[in-house]
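Next, two complexes with chain A in common: one pairs it with chain B, the other with chain C.
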Partner chain A sequence: MTASEIKNEQELKQEQTTNPRGTLPWFLITPNLLLIGLFMLGPLLLLARISLEGYQSGQGIIETWQLSNYSKFLFDPFYRQVLVGTLVLGAEVTALCLVLGYPLAYSLSRARGLKRAVLYFCILMPLLTSTVVRTFGWMILLANNGFINKTLMSLRLIESPVRLMYNVTGVIVALVEVLLPFMVLALDTALLNIDLSLYEAARNLGARGPRIFLRITLPLSLPGVVSGCVLVFTGALSAFVTPTLIAGARLKVMSTVIYQQAMALLDWPFGAAIAFVMLVTIAVLLVASLQLSERLRNA
Partner chain B sequence: MIRILLRCINLLLLLYLMAPIIVVVATSFGSSAYPLFPPNDLTLAWFRKFWENPELREALRLSATLSATSTFLATIIGTLSSLAIVRYRVPGKSFFSVILLSPILFPAIVLALALLVAFQRVGLTQSFKGLVAAHTLLITPFVIRLVMASLEDFDPSLEEAAQNLGAGWWRTFTRITLPLIRPGILAGAVFAFIMSFDELVVTLMLAGPELQTLPIRIFNYVQYSSDPTISAISTCLIAVWLVIGIPVYAKFLSVRHS
Partner chain C sequence: MSFVRFALSIRIAALILIGFALVPFAQICRAQTELVVTDYGGAFEEGWKKAVIEPFEKAHPDIKIKLVQKLVFESVALMRSQKSDVKVDVFMMDEVGASQATAEGLVQPITPKTIPHLNELYPEFRVPGDSFCKFMFDASVIAYNPQEIKQPPQSYKDFWDPKYKGRIAINNLDSTTGLSFFLVLLKTEGATVDNVEPAFAAMKQLKPSILTFPEQHAQLAQLFTQGDIVMAPWTSDRALLLASKGVPIAYTIPKEGGILQEGGLAIAKGTKHLEAALKYVDFALSVEAQLANARYTFLSPTNSKVVLDADLAKKIPNGQATVKALTHPDWKKVNERRAQWIDRWNREVTQ
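Entry: the complex of A and B
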C-alpha cells in the first residue's frame, strides 16, 4: 500500500466515525460566514460600486456609473507618479530585503540548537513589536540630530547632517527593516527543505563552496525567493504607517493617498478606485508568482 | 574567510533588525526631555508620566476592552469553524478554508475604506460595536489557523474509542476533543489578542475622536511631538508581548510553514 492509499483509508475511516451529522457542520460555520459576508465581502462589493460613482466638492457623492476615477488615477500625471512611485518603492524595498535577507536566512538555516534559537528570536522579536513602535524608533535614529547623523559626523564621514527624515531614503531604511523578517523566514523554509545529501554528493564529486552555492543552494531556494518577494512587495505596496510617520506629506504613496481621499477630502469614489487598483496589482502579482513557483517545481 | 565575512554581515543585520527596538527601550529610561539616544542619565519618570496621563490610561483601557471583546468572539467563531472544517468535514472544505482565512490577505487600508463606506450607511462608524466587528473579522483567521493545526494533530481514534464506549457527540466533544485542542485555542486567543491590540490602520479610519485606542494615541503623538512617554509605553508593550507572544508566535510560524 502506498502512503497516499493509507492516508485515504484513514480519511475514509475518519469520515465514517465522525460522520457529518447533516446540518451540524453548517451550523458551526455559519457565524464565521456571516462575519465574512457582512463585514468583508459586502463592504468590498459596496466599495467596488462606489469606485464607479462620481464626486463633486460641495455636493458630495453623485450616483452614476462611470470609469473616470480609474482614468484619473491611471492617466493624470500627478497620480500616475504616485502609482509609479509606489511600485518603484516596492521594488527597491523587495530587492534590498532579498539581498540583506539571504545571508541571514542562510546562516539561520544552517544553525542548530541554541544558536538557531537565538537567531530565530532576534528575527521574531521585531515581528512581535508593532510597526508604529518600530517606526518611532527609526524616527529617533534618522532625525537630523539623531544617532546616525551624529555618529557619521563624529567619524568625520560627513560635514553636515544628511537628510534622512521626510524623504524616500528614510522610508526605505525603515520599511526594509520592518519587512525583512518576512523575507528571512520565507527563505529559511526553502533552505531547510533542501536535501542535505545533495551537498554531500556534490562534495564527493569534487565541487567546492562557491560552486555548490551557485549550482545547488541558490536554484533550490528559488521557491523561497519567490514567496519572500511576494510577501515583502505586497507589504511595501500597502504600507501606511511607515511612509506616513517617516515622510509625512513629502512622499505620496497609494495607501496614504487613499487615506487622504477618505478622511480629509471625503472623495470616497476616488479613494475606492485607488484601493481597487492596489487589489488588482496584488492579485496579478500573486497569480504570476504562483505560476512561477509551479514552473520552478516542475523544472 | 567567507565564513568570517558572513558572520560579520549577519551581526550587522541583526543589529539593524533590533536597532529601533533598542532605541525605543533605551530612550524610555533617558532623562532628557526628548527621546535621546544614547541616553545621558537614567530615570523612571516617563513610566510614571504614562501612568499619570488620563488620556493614555483611558486609551489603554479602551484598547484592552476592545481586544478582549474581539478576542472572545473570534475565539468562539474561529474554533467552531475549525471544527466544521477539520472534524465534521463540511463539504467544500478547501474552498471554505480559503474564504475564512482571506481577511489577512487584503491590505488593511483597503478593508478599512470598505468598512468605513459600509458602516457609514448603517451608522456603525465611530461606535464601539463597529470596532469590535472589524477587529473580530481581522483576527479570526489567526484563531482558525492555530486551532485547525491542533485538530489535525490529534488522533481521531480517540474520539472513535469514546463513541464506541457509548458517549454521544456532545460528551465526546467536551471530554475528548475540547481538552485536547485547548492549547491550540489558547495560543490562537493570545495571538489574536496581540494582533487586535496592535491594530492601527482599520481602527484609525473607523474610530473617530471618542474612541482613541492606544495605537492611535501613539500614532498621533509621534506625528506631532517628540516625547519619551511614548518610548515608555512602547517599552511596556514590548515587554508584555515578549513574555506572552514569543512561544505562540513560534508555534504560529511552524503552522504556516508546515
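Entry: the complex of A and C
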C-alpha cells in the first residue's frame, strides 16, 4: 500500500463518519441558513441598494441608480489612505497577538487539570466585560494624567507625560488585549490536536527543542495560526468603540469614517458604499488567506 | 411517558395559552398609551426624568412614557428609517438636527392651539412654521479649570496661547459644540459662512496644541475630570452640570460673545399617538418643567414666564436681554455647508 492510498482511505473513512447520510448535514444547517438569510443577507442587499442611491444634504436620499459613491471613495487619495491605514492597523494588531499569543497558547495546551482551568478563565477574562467599560478602563490607565503616566512621573522616570492615548498606540494596546483570547483559543485547539507520540518519536531520533518546534509544532499548528489570524484581523478591522474612544477623531479607520457619514452627515448612500468596500476587501483577504493555509497544509 | 405527566404537561400548556390570551386583554383594561420619546441620556437624563417624565406621568396616568437614548443625528437617522411605520413619537434634538428633519419632511408641525405654552416662549425661540419647539437653550462658552487658570480666559484667541499646548480639546466639527466653536472662529478671524478660508488657516495653527477632538459631552466631561485638559469650548449647562458633581470647572462667555444653542422637541410625522405627544411637548414647555430643568441640569428656560431662584439666575444664562445678546447663526445656511466643512476639517485639521 503506498502513502497516497493510505491517505485516500483515511479521507474516505473520515467522510463516512462525518457524513452518515446525505440529508442530515442539510437538516442541521437549515436553522443557521435561515437566520443568516433573514438577518444578514437581507440587510446586506438593502445596504447594497442604498449604496447606489444619491444624497443631497438638506433634501435627503435621492432614489437613483449610480456608482458615484464608489468612485468618490476609490478615486480619493484621502479615503484610500483610510483603507490602507485600517489594514495596516489590523496587520499590526494581528502580528502582536500572534507573537504574544503563541507562548501563552503553548503553555495552555500543555497545562492539565485545575491549572488549565484557571489559565483558561484568565485568558477569557477580557471578553467578560463590555467594550465600553473596558475601553474606559484603558482610558484611565493611558491618559496623560492616567495611572501609567502618573506612576512613571512619580518615579521620575519621565518628566512630561508620554502620549499613550489619542493616537494609534493606545488603540493597538487595547485591541490586542481584547482580541488576544481569540488567537490563543484558536492556537490552543490546533496545539492540542498534535499527536504527542510525534514528539516522542522526534526525541528518540535525537531532535532537540528548537528543531522539534520548527519541524513539528509550528507546521502542525499552522491551521490554528491561520484561523486565529483571521479572527483577530477581522475583529481589529471592524472595531469601532475602541478607536473612537481611545484615539478620537485623529485616527481615521473605516468604521469611524462609515459612522461619520451615516450618523453625523446622514449621507447613508456614501456610508453604505464605504461599508461595502470594506466588506469586499475583508472577503478577498479571507479567501486568499484560507487558500494559503490550504496550500501550506498540503505542502 | 406516564399518563399523569402527560396530563400535567397538557395543563401547563393550557395555562400558558390562557396567559398569552390575557395579555392583550390586560392591556385594554389599563387603556394606557405608551409614548416613546428620546433624550440625550447620561447625566442629562437624570434631570429630565425628575423634571419632566415623572411629573408628566403623574399628571396623565393614562400615558406611559418610554425613554430611549439618542444623540441628535442618530435621531434624524431613526426618523428617516421609521418613516413608513413610526415607532418613536417625540424626538429631542437641536436646531441643526431638527432643521434637517424638517427639510426632509419628517416632523409634524405644531400650533399654539395644539401646544398652548408655545405662546409663552420668548419670540426668539419660535421657528418658522412651528415645525418643532425649543424647550431649553444654552450658550457656547469656554469651560476651564479654575485651579489651573486663575484668570478667566478673556477671548477665544487664548486657545492659541502656547502655554496651553497639549492641554486643550476642541470638539470635532461633526458635533454641535464643535460647530459652534467654528462659527465663533469665523467671527474672530474675519471669515464668513461663504468664505471659511481664514478659519481653517487659524485651525491649522492651533492643530498641534489640541490634545484630542471629542465628539460627545461625556468625553469632554472625562477629560476635565481626569485633568487631561484645562480649557475647551463647551456649553453653559454641561459645564455647570459637571461642576455640580465636584469637578473643578467654571465657564466664561468671552468678549466675542457666545452662540445661542437650543434644545428642541420634534414630533415624528405619522405618529400613532399624536394627542399624547402634543401633551408631552406642551408639558416640557411649561413653567413647572422648565424651572425644574434649570434646577437639576442648568438648562436655561425658553419660557418667558419662568422666574429663576436668585442664585440660579446668577449662574445660568437667562432672560430676554441675554437671549438677544447671544449670536443667532443662520442655521439653514450653516447646514447647507456643514458637510463640506466637515470633509475639509477631516483632511486638514484632524488628519
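One rule holds for everything that comes next: the second predicted complex is superposed on the first by the 255 of 299 C-alpha atoms of A that agree within 3 Å, B and C clash if a C-alpha of one lies under 4 Å from a C-alpha of the other, contacts with A are read in each partner's own complex, and residues count from 1 in each chain.
Just so it is clear, a residue touches a chain if its C-beta (ideal position, glycine included) is under 8 Å from a C-beta of that chain, and two chains touch if they have at least 3 such contacts.
Small disclaimer: the values here were computed from a predicted structure and weren't measured.
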Partner chain in contact with A:Leu245 - chain B first, chain C second, else both or neither: both
Which of chain B and chain C A:Glu177 touches, first, second, both or neither: first
First (chain B), second (chain C), both or neither touched by A:Gly206: neither
Which superposed partner A:Leu266 touches (first chain B, second chain C, both, neither): second
Partner chain(s) touched by A:Phe121 [first = chain B, second = chain C, both, neither]: first
Dominant contact partner of chain A by residue count, chain C or chain B: B
Contacts of A:Ser57 with chain B and chain C, given as first, second, both or neither: second
Partner chain(s) touched by A:Gly113 [first = chain B, second = chain C, both, neither]: neither
Which of chain B and chain C A:Met139 touches, first, second, both or neither: both
First, second, both or neither for A:Phe78, with chain B first and chain C second: second
Footprint overlap on chain A, where chain B in one structure and chain C in the other make contact: 136, 139-140, 146, 244-245, 248, 262-263, 268
Chain B residues touching chain A - in the complex, by the definition given at the top: 2, 6-7, 9-10, 13-14, 16-24, 27, 35, 37-38, 76-78, 80-81, 83-85, 87-91, 96, 99-100, 102-103, 106-119, 121, 133-134, 136-137, 140, 144, 156, 159-160, 163, 169, 194, 198, 200-201, 205, 215, 218-219, 222-223, 226, 230-231, 234, 237-238, 241-242, 245-246, 249-250, 253, 257
Touching residues (chain side chain A, partner chain B) in the complex: 13-15, 17-18, 20-21, 24-26, 28-29, 31-33, 35-36, 38-40, 42-44, 46-47, 50, 100, 103-104, 106-107, 119-141, 146-147, 174, 177, 180-181, 185, 189, 209, 234, 237-238, 240-241, 244-245, 248, 255, 258-259, 262-263, 268, 271-272, 275, 278-279, 282
Chain A residues within the chain C interface of the complex: 57-61, 78, 136, 139-140, 143-146, 165-166, 244-245, 248-250, 252, 260, 262-268
List of chain C residues in touch with chain A within their complex: 73-74, 76-77, 80, 100, 103-104, 166, 172, 174-175, 211-215, 219, 222, 226-228, 335-336, 338-339, 342, 346-347, 350-351
